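You will see two complexes here that share subunit A, one where it goes with subunit B and one where it goes with subunit C.
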Partner chain A sequence: MAGRPIAPRLGRALLLAVFSALFVLYVAGPVAWLVSSSLQTEAQITAVPPNWLPPELNFGNFDAILNAAERQVTYETRRQGDPATGGFLPSGAANLLPSLWNSLTVGLWVAALNLLLSITAAYAIAVIDFRGRRATLYTVLATRVVPDIALIVPLFLVIRNLGLINTLGALVVTYLAITVPFTIFILISYFEGIPRDLYRAARIDGCGHWRALRHVYLPLSLPALVASLTFAFLTSWNEFVFALVLTQNVAAQTLPIVISGFVMDFTTSFSFVNAAGVIAIIPPVVMAVLFQRYIVSGLTAGAVKG
Partner chain B sequence: MATITCERITKRYGGVVAVDALDLTIRHGEFMVLLGPSGCGKTTTLNMIAGLEEISEGRLLFDDKDVTWQPPHKREVAMVFQSYALYPNKTVRENIAFPLQLRRTPREEITRAVTEVAEQLEIGHLLDRRPSQLSGGQRQRVALGRAIVRKPSVFLMDEPLSNLDATLRLSMRSLIKHLHHRLRATFVYVTHDQAEAMTLADRIAVMKGGLVQQLDTPEGIYARPANTFVAAFLGSPQINLVQGEIAPDGSFARGAFRLALPPGAAQPGRAVTLGLRPEDVGTLAPGLARLEARVDLVSPLGSETHLEVVAGDDVKLTLRVPKEWRAQEGQVIAVGVDPARLHLFDATTDARL
Partner chain C sequence: MSGALERRPGPRRRPALGYDERNAAILVFPVVAVLLVVAAYPILYSFWVSLHDIVLTRPLRRPFVGFDNYLRIFDDERFWLAVSRTTVYTVVTVAVTTLLAVLVALLLNEAFPGQRILSALLLVPWATPSVVNGLMWKWIYDPTYGLLNALLVQLGLLERYRAWLGDPDLTLLLIANAAVWKQMPLAALLLIVTMKAIPDDLYRAAKVDGANVFQRFIHVTLPALRPGLMLVLVYETMISIRHFDLFLIMTQGGPGDASFTLSWLIYVETFRSLRFGTGAAMSYVLAMATFLLSWALIRWLGKRI
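This part shows the complex of A and B:
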């Protein structure tokens, strides 16, 4: 590269920088605005020209969320906060923290059970040579061909007949139906990428299938396992349509349902909704930061082999 | 103690027969080499003995116990793979200790066994490294260590030296031979390398197309190959195979090429293939058949010289001669061949006559 002229190199660097900046703006812009506006009053976010950064840090919205349970919204008190000045609380505000808890509970259960179910299925399909192995794989994949929306009504009827409407269990079971086939697929690709001789060596050294899975496949699949864990948690965390149909009140409603309810009020407090949004993205962001290096290699590994 | 008996063992993949009704008895303490080109069924046979491949038909016995349906971890065999197959997430120490841990061996005993094995294989200084930090030769030593630490009665080796360079292969070869002498266990060793087979084996089973072509000691197989395939597979440079027929005077003939055979070797007029090992030629002497040929190419190797010669009209032969022979390209030479050392095969069945 020594002989290359400097001008094209500079141009290339400049182009890269410009497009990178555009991309970052596109991806991170809405998030930045979400965070910024959650720290402003309603009047400040609706001001023209807008305040890109909060004029002063205002934690009123977060305070309102954390204390929503104590502030009863009644016919008399509902006008106490003027939307224009902040302090306005939508009627469902008190449901926010319970729904956050619901979302976490469902997400963690889904993440854990999803992994537990998928690992054994993927190991069997990837490693054990049994009759009907291909058919099993295709059946698993075929379940993902049906669009979720087509499943809603039958699923609602099944869940209702089981008496599970408005329970967290109904959500866990439903989300597993979405995540397990996909996770099985990721793990199969990953397991098949592990040299077959390691499996043979393990069997010879004294491992049955359970021990081969535990001592050889799981330690070597850490990236794929973490990716699957994250995938299942995020799918559950973000899911809206099934939760809307299968839950009715604070006993089982998840965060997306409750937050969307804030927008449907006669008046919408954008600052409050955005503060709720910030709270909603904290768990996934923490998870992503913790598992970042695994997720990247996990997903590529699955992708290349799959 | 372990004598391995394969009784008409067959392996089918769909319609393809990989191993065809194999009958083979491997005696206790024997070093058996399965030798053959790739696709001959040798590795499949080894995997069936290990329990890694299901046996489609037939029975497998260890001593008198039927193990046909036993999973690998119940068979008490150890195996060394061409790819080493070390667990990348474990250190050398953990790799070697793993089979013992699975058997719930007490910790002190594991430590003692691992140290002992590491000393034997001279890998004591590597115990805390991971496989990725080792060279090929070191990895294969670790793999051997993992196999011998359990002191099993059967060792299975699947081309363990194929991934090593030539020098290392030689030293590992003698290491394996020493191990066999010391452990006195039954070894089944798969390779496509005839030199490995010849140097290591008590007996060799030469395989092709899922069938054993010949089962004998290395000397026996080399001296009396059962067919042209076996004859050609062992020996370097390869045996010279010449198609022709038996002349009325009982000698071998192909065009102008004649070579005297031992009396009554075959019926005159019969179509045969003649086998002449390159090294089975010497200076002319009474009692030897005369072979005249024109030297086409001289390849001096230092310790010996290889000559490519043309005899008769079109019979190309390779001869291995002492380095002192000063042959010139284009020169016509006459060498002596001991008729008793010639091999004759049926031209249609390729079987030894």
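This part shows the complex of A and C:
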């Protein structure tokens, strides 16, 4: 590079700077605007022209929706508006905190069970040479070819017949059906990359399959395990359609359902909707940035192979 | 794969279920059991439902009607309207997502200070829940206080505020824009992986032959990007054709019937009209259409790109 004339290098730097700026504006701009709006009062977000940045840091919106249960939001009280911020509280605001716990509970169960179920199956398919292993793999993957929308009706009927409508268990089981095939796929491609000699050595030393899995395969596949946990949690945290159909009230509704209720109630002030959106966006975004390396390698595992 | 050696017929016959087979069965059983209950059984059950006239408002009457539900779909005006809306939405979403993803992949494939931060930022839209994505863009498009109006007016590009999502000509495109924002990162990641696999020698050879940046992109990068592009096109098509979340949150099929897509039709038919039989039949039609379309895309693109 050192010997090249300076003009093209400057041109390249300028081009990269311009495109980087456009990229940041496009990717982060909308989220930044959401966060900025969530920190402004109803009066401030409805100003024309708008306040690009909040005039002062004001967590009133968050306080109002998170503590709505104590304020007894009724039709009369919400018509007077929230005194702190001057907006109309969403009528379902009291459900926000319970739904946050529901989302968390379901997400953690799905992440844990997804991994437990997938590890053993992926090990068997990737390592053990048994009759029907290809058939098993294709069957597992085929369940994901059917679009979710085609599963909603029958799943609703199955869950209803089992008496599980409006329970967290129904969501956990449903999300496992979504996440397990993908996790198995990732883990298989990872397990197959572990040298076969390690497996043979373990078997010669007298290890059975369970010990080979525990002492050889699991310690070596930590990145794939982290990626799988993250995917399962994020899928469960973000999922909307199944939760919409399978849950009815605060006992099992997850965060996306309660928030969509905020959005569709057109009397609600946007300041509270924005604050709820920020609450829902924080955990997945933090996880994504924290586990970036694992996520990228996991997401692209299939692409490299084929 | 290493089984070839062990499979050679030896003097002793292998037992019907050896150690390996027994263990494999135990290890695989839990997954198969779960998937049978929550995936395989519902898929078959759905087919059974689609052959019956099941209306939830008349729960005790569920006559078998054969393929009548399917035939009725094709006589339904709403179905053909939904097909055209879905087509517009899918074509726009897939085209713009792919185009943007190629640009982003080209940018992030370069080595420059700050590249790692940008790569981390790329995951933000991907991780954003679709409900939040919907409310965020709805707020940006807001007719009285939205960012889009404010920006355009301040830049002098627009005279007065407009109700963006209320304009039937724009609704589908604006929803598509929100969808592109969320779907582009995964597409870009897949393309970056494919780009990383292109040997540097190819670029050096092209440079020696006097190819400029654009010629190098057309003749080296693009052909090598084929498998990645195919994956992106097929995956994005499958996602877009059955997309639902944004339509419920942003427009509920409206204004009028401007965003009345297939998945919205299925939702309305099933959970508002409570006609489960025709709803299930529509789901099956959509599933088969998606399946056939991706199969056709793979064959067509395999030859073309």
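To be clear about the criterion, the second predicted complex is superposed on the first by the 283 of 306 C-alpha atoms of A that agree within 3 Å, B and C clash if a C-alpha of one lies under 4 Å from a C-alpha of the other, contacts with A are read in each partner's own complex, and residues count from 1 in each chain.
FYI, contacts are C-beta pairs under 8 Å (C-beta built on N, C-alpha and C of every residue); 3 or more make two chains touch, one makes a residue touch a chain.
Just so it is clear, the structure is predicted and the values come from calculations on it, not from any experiment.
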Looking at the overlay, what does A:Pro195 touch: subunit B (first), subunit C (second), both, or neither? first
Subunit B or subunit C: which reaches more residues on subunit A? C
So, does A:Leu234 touch the first partner subunit B, the second partner subunit C, both, or neither? second
Look at A:Val48 in the shared chain and tell me whether it touches subunit B only, subunit C only, both, or neither; answer first, second, both or neither. second
Identify the partner contact of A:Val18: answer first if only subunit B is touched, second if only subunit C is, both if each is, neither if none is. neither
For A:Gly208, select first, second, both or neither according to whether it touches subunit B, subunit C, the two together, or no partner. both
Now for A:Ser37: first (subunit B), second (subunit C), both, or neither, which partner does it touch? second
Please work out whether A:Val216 is in contact with subunit B alone, subunit C alone, both, or neither, and reply first, second, both or neither. first
Dual-contact residues of subunit A (subunit B, subunit C) 208
Show which residues of subunit B lie in contact with subunit A when the two form their complex. 47, 50-52, 71-73, 77-79, 81-83, 85-89, 98-99, 102-103, 146, 156
Subunit B touches which residues of subunit A in the complex? 195, 197-198, 200-208, 211, 215-216, 219-220
Residues of subunit C defined as touching subunit A within the complex: 1-3, 6, 19-21, 23-28, 30-32, 34-35, 37-43, 45-46, 49, 103-104, 107, 110, 112, 114, 118-132, 134-140, 142, 144-145, 147, 150, 153-154, 181, 185-186, 189-190, 193-194, 197, 227-228, 231, 238, 242, 244-245, 248-249, 252, 263, 266, 270-271, 276, 279-280, 283-284, 286-287, 290-291
Complex contacts: residues of subunit A adjacent to subunit C: 13, 16, 19-20, 23-24, 26-28, 30-31, 33-34, 37, 45-46, 48-50, 116-118, 120-121, 123-125, 128-131, 133, 136, 139-140, 143, 145-155, 157-158, 173-174, 176-177, 180-181, 184, 196, 208-210, 234, 237-238, 240-241, 244-245, 255-256, 259-260, 262-264, 270, 273-274, 277, 280-281, 284-285, 287-289, 292, 295-296, 299-300, 303-304, 306
